[in-house]
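Structure record follows, encoded as structure tokens.
Going by the order they are written in, the chains are A, B, C and D; count residues from 1 in each one.
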Amino acid sequence: MSQYRVLIDTNDEKGLVYKVSTVFFNFNLNILSNSEFVDKENNKFFMRSVVDGDVNLEELNDALVDILPKNTSVEVIAPKKKNIIIMATKEMHALGDILIRHEAGELEANILAVISNYDKLESLVSKFGIPYVTISHENLERAEHETKIMESIDSHKEVDYVVLAKYMRILTPRFVEAYEDKIINIHHSFLPAFIGANPYKQAYDRGVKIIGATSHFVNNNLDEGPIIAQEVIHVDHAYGWKDMQRKGKDVEKIVLSRALKLALEDRIFVYANKTVIF
Amino acid sequence: MSQYRVLIDTNDEKGLVYKVSTVFFNFNLNILSNSEFVDKENNKFFMRSVVDGDVNLEELNDALVDILPKNTSVEVIAPKKKNIIIMATKEMHALGDILIRHEAGELEANILAVISNYDKLESLVSKFGIPYVTISHENLERAEHETKIMESIDSHKEVDYVVLAKYMRILTPRFVEAYEDKIINIHHSFLPAFIGANPYKQAYDRGVKIIGATSHFVNNNLDEGPIIAQEVIHVDHAYGWKDMQRKGKDVEKIVLSRALKLALEDRIFVYANKTVIF
Amino acid sequence: MSQYRVLIDTNDEKGLVYKVSTVFFNFNLNILSNSEFVDKENNKFFMRSVVDGDVNLEELNDALVDILPKNTSVEVIAPKKKNIIIMATKEMHALGDILIRHEAGELEANILAVISNYDKLESLVSKFGIPYVTISHENLERAEHETKIMESIDSHKEVDYVVLAKYMRILTPRFVEAYEDKIINIHHSFLPAFIGANPYKQAYDRGVKIIGATSHFVNNNLDEGPIIAQEVIHVDHAYGWKDMQRKGKDVEKIVLSRALKLALEDRIFVYANKTVIF
Amino acid sequence: MSQYRVLIDTNDEKGLVYKVSTVFFNFNLNILSNSEFVDKENNKFFMRSVVDGDVNLEELNDALVDILPKNTSVEVIAPKKKNIIIMATKEMHALGDILIRHEAGELEANILAVISNYDKLESLVSKFGIPYVTISHENLERAEHETKIMESIDSHKEVDYVVLAKYMRILTPRFVEAYEDKIINIHHSFLPAFIGANPYKQAYDRGVKIIGATSHFVNNNLDEGPIIAQEVIHVDHAYGWKDMQRKGKDVEKIVLSRALKLALEDRIFVYANKTVIF
């Protein structure tokens, strides 16, 4: 007896839950948890079920596809560790938080490698026996630099997610498209406020009383991809922007790790530049 | 076409979602939202569905009872305003918050009356055209006092909830049992810390860095009933206990109103001295 | 023996605390609380002291001005109720929260009047015996409409603050300049995100996981004045923009009331389009 | 020119700020920040100043002692790294968070050693080149076990703080007294709720809607020492106690690291079983 995750993304119509639960019943599956969401405005239906039973994955998948509307996306997943690549620049906190969680066995993930444009984090990463690849951007055109990174990523057979743990360079459309819906970023502001460079400096200049962090999938518009998780903390007039930056690290790392965990547990649907999270 | 809320509380077994959704399908109902929870430890299953259609409530109820395990509790509810009585003592903030929400049409409720052991709040309540009943406890045994209150409550035909908006007297078992699972209280601490009298003083003496409020159904053990909602705010060494009391009012009123809203929208199941909230 | 608030806003230089505390000592004043802030970047010094003693306000003021750098702003204030005008449109929650706090004696304020461009809130406001002035904007040029409002405001001898409790029309520079640093607004987003109309709709479209509210002084750039207080709450994919709007009301009213309280207690300094809050 | 921290703990009386700032002025010191707190109830005065200048520490200390009331505690501190020992058992998250912060240079601390009653964390700690001492409690009386730990601690010349990063054994009075006001613990509940063993299980059984963590100095009453920092997160009915435990780790590690940072920066005064934190 095993557990499976069933993800369904389809157009809404009457009877969907009935149809899905009929299939589960016929396959003699026990539903451990069930989450559904109907977006009336866009006529969309999303469902994530965790079921328990003895089943052929493909047969279950086919039975669901058969009974559901055309163009339905169905995934039946036997939970296993996903393969991730982490990209970073010089800061240690977000990367370190993931490394410790990985070491503690908290993450359903294999970290295949950490790629950075500096060698500053190599000492930390190599402690954990994880390959560290320095690909300096110096003296390279942006396209050349990204090609090298993409070659490094693509040297691995299967990469489920590319996690930007404070990778401080903007990615080009070519890169983003190559890993569509697979790149998870942490931006150090409560988006959509303070897009772009140095959000803490922007926040300081604006005199805000909260600062925050946003984890999102990356698309071709800077800091405008589907948001996965957001959190804020309070600041006051006594915070200079470097104090904000220091204090913000805690919220950055927590939010990125939370988003990564949601992705690894197959809890995120993406549509209409938004996320549905179960 | 109308909306109905369907509440199911039963023992867990395989196929429950299938059975319920089959009934919905047969009655040609559209599911607007569905929430389920399985408590493996206690082998319990809870479900709240909002459905849309044209249906005879009793027939739908019977069809669900027929197909579900024995001892299942099924409720099919056509949303309508519930009748509530508010009890208060001298403080204005929690009562005032409910009065304003009621006036703004935010609550699915008719306020039948406000009962208090003082006349201090009469001026406020009567502004809103709501009956105010002063039942002083002075010179009365506790049982006599409560009898008078119960008579006042019971003079109304149907009372769905009794809301204690900072009613500062302890209720006896006779009172509590008369309105089982119908009395919603706000306690001014994050329970189970600081049970009983003057929780802010207790909090100050302990030197805590957070204070809070807890809304719960009342049972016969003081401040030990099923918790509906809780919230905290930060304090520091500069807060004396009266400052805590002042600042705590905001969280008290928000938490009580949130709990009341959940109750009015039939979102709360109570079991094992806990709540399931959809 | 009385309490006074002393507010000092000056350029930073060595010995300021020494000089101020020397004056307090010479006037035989007891310091109940003292807050200071030095902004190194802008070379500014702010201080708010609460002192206890028997003193001539003007003499104390003069002694401080004498000893402090040129161009220092000194205010010595004997706490008393400030006069406020509330402006609103149709929504009840933020206005209602202030009315209840006022009724409960929580605010150091006299509410002189509520001015609205609709008569919808008259029933609520008049319950509290507070003058309600409807000044419809229909069939009026913006300038004419504002002139009428300004005349209504200026018919009162002394107005300390104009509180915009969800007043939904944009104010012109003429109006803003007439009440500089006196207009407190609540904007229903975590600024600087979602400036302008319908921020909940904007937030929904962007797919954010938090919504918020910002209280700020009004200046001539829409939603860009000095921020006093901000707060957020979490939302998820199941929130349509009207759900956000409904849930957002709680945070709007709390944040506006918090900002108003800070202003009434003379806790806010404004400079460089920011606030220092003690 | 250097920065110094000046900590003053004394009985309140008129003129204290005047006296202290006079000394600073005479020593030609610039005040970078100043925090004061007067506890009227206990007639106590606390002050923490950061000053900038060229000064002999002992002379400054003596000048302050001379001018202040008898029994005043004065500390003049030139900031430097403090020496800490971490004690842990088997969990990685709180320890790991400190190790990463230490590696990133965020902490004003040297980690002299990690002491554990198991060898489970040795692999992690030794990656960072920090001595790991396993002192098993098996087959030992509690007193014997603690003697061994104390010997290990005392083998270091100077230990400023002993940090219990989820050290899961109760300490005896002898141990606690040996390191009075030096032992910082993280307890995995919002104290005073859920004192003692397995607070998440207690929280689950009580049906709370929030869980939390509390960092405090350890004294001889279990989980009753002066609280330094507290934080909570929301949970719902779907959380079993192991889910609470998993989710609680994030708040545990953030709260412990926050408390440690406050201690390292000399921001904590302890009195009356409470903390004053600047």
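Everything below uses one rule, namely that a residue touches a chain if its C-beta (ideal position, glycine included) is under 8 Å from a C-beta of that chain, and two chains touch if they have at least 3 such contacts.
Since we're looking at a predicted model, the values are computed, not measured.
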Does the chain A and chain D pair touch with the same residues on each side or with different residues, judged by whether over half of the numbers are shared?
same
Superimpose the Cα trace of chain B on the Cα trace of chain C, which carries the same sequence, then give the rotation angle to the nearest 5°.
180
Report the inter-centroid distance (CA atoms only) between chain A and chain D in whole Å.
35
Express in whole angstrom the distance between the two chain centres, defined as the mean CA positions of chain A and chain C.
40
Scan chain B for residues touching two or more other chains and write them down.
33, 40, 238
Would you mind writing out the residues of chain A in touch with chain C in their complex?
37, 39-41, 190-194, 206-210, 212, 226-232, 236-238, 240, 272-277
If you look only at chain C, which of its residues touch chain B in the complex?
33, 91-93, 96-97, 99-101, 103-104, 106, 124, 127-128, 238, 246, 249-250, 254, 257
Listed in rising order, the residues of chain D that touch chain C in the complex are 14-18, 21-22, 24-25, 28, 30-34, 36, 38, 40
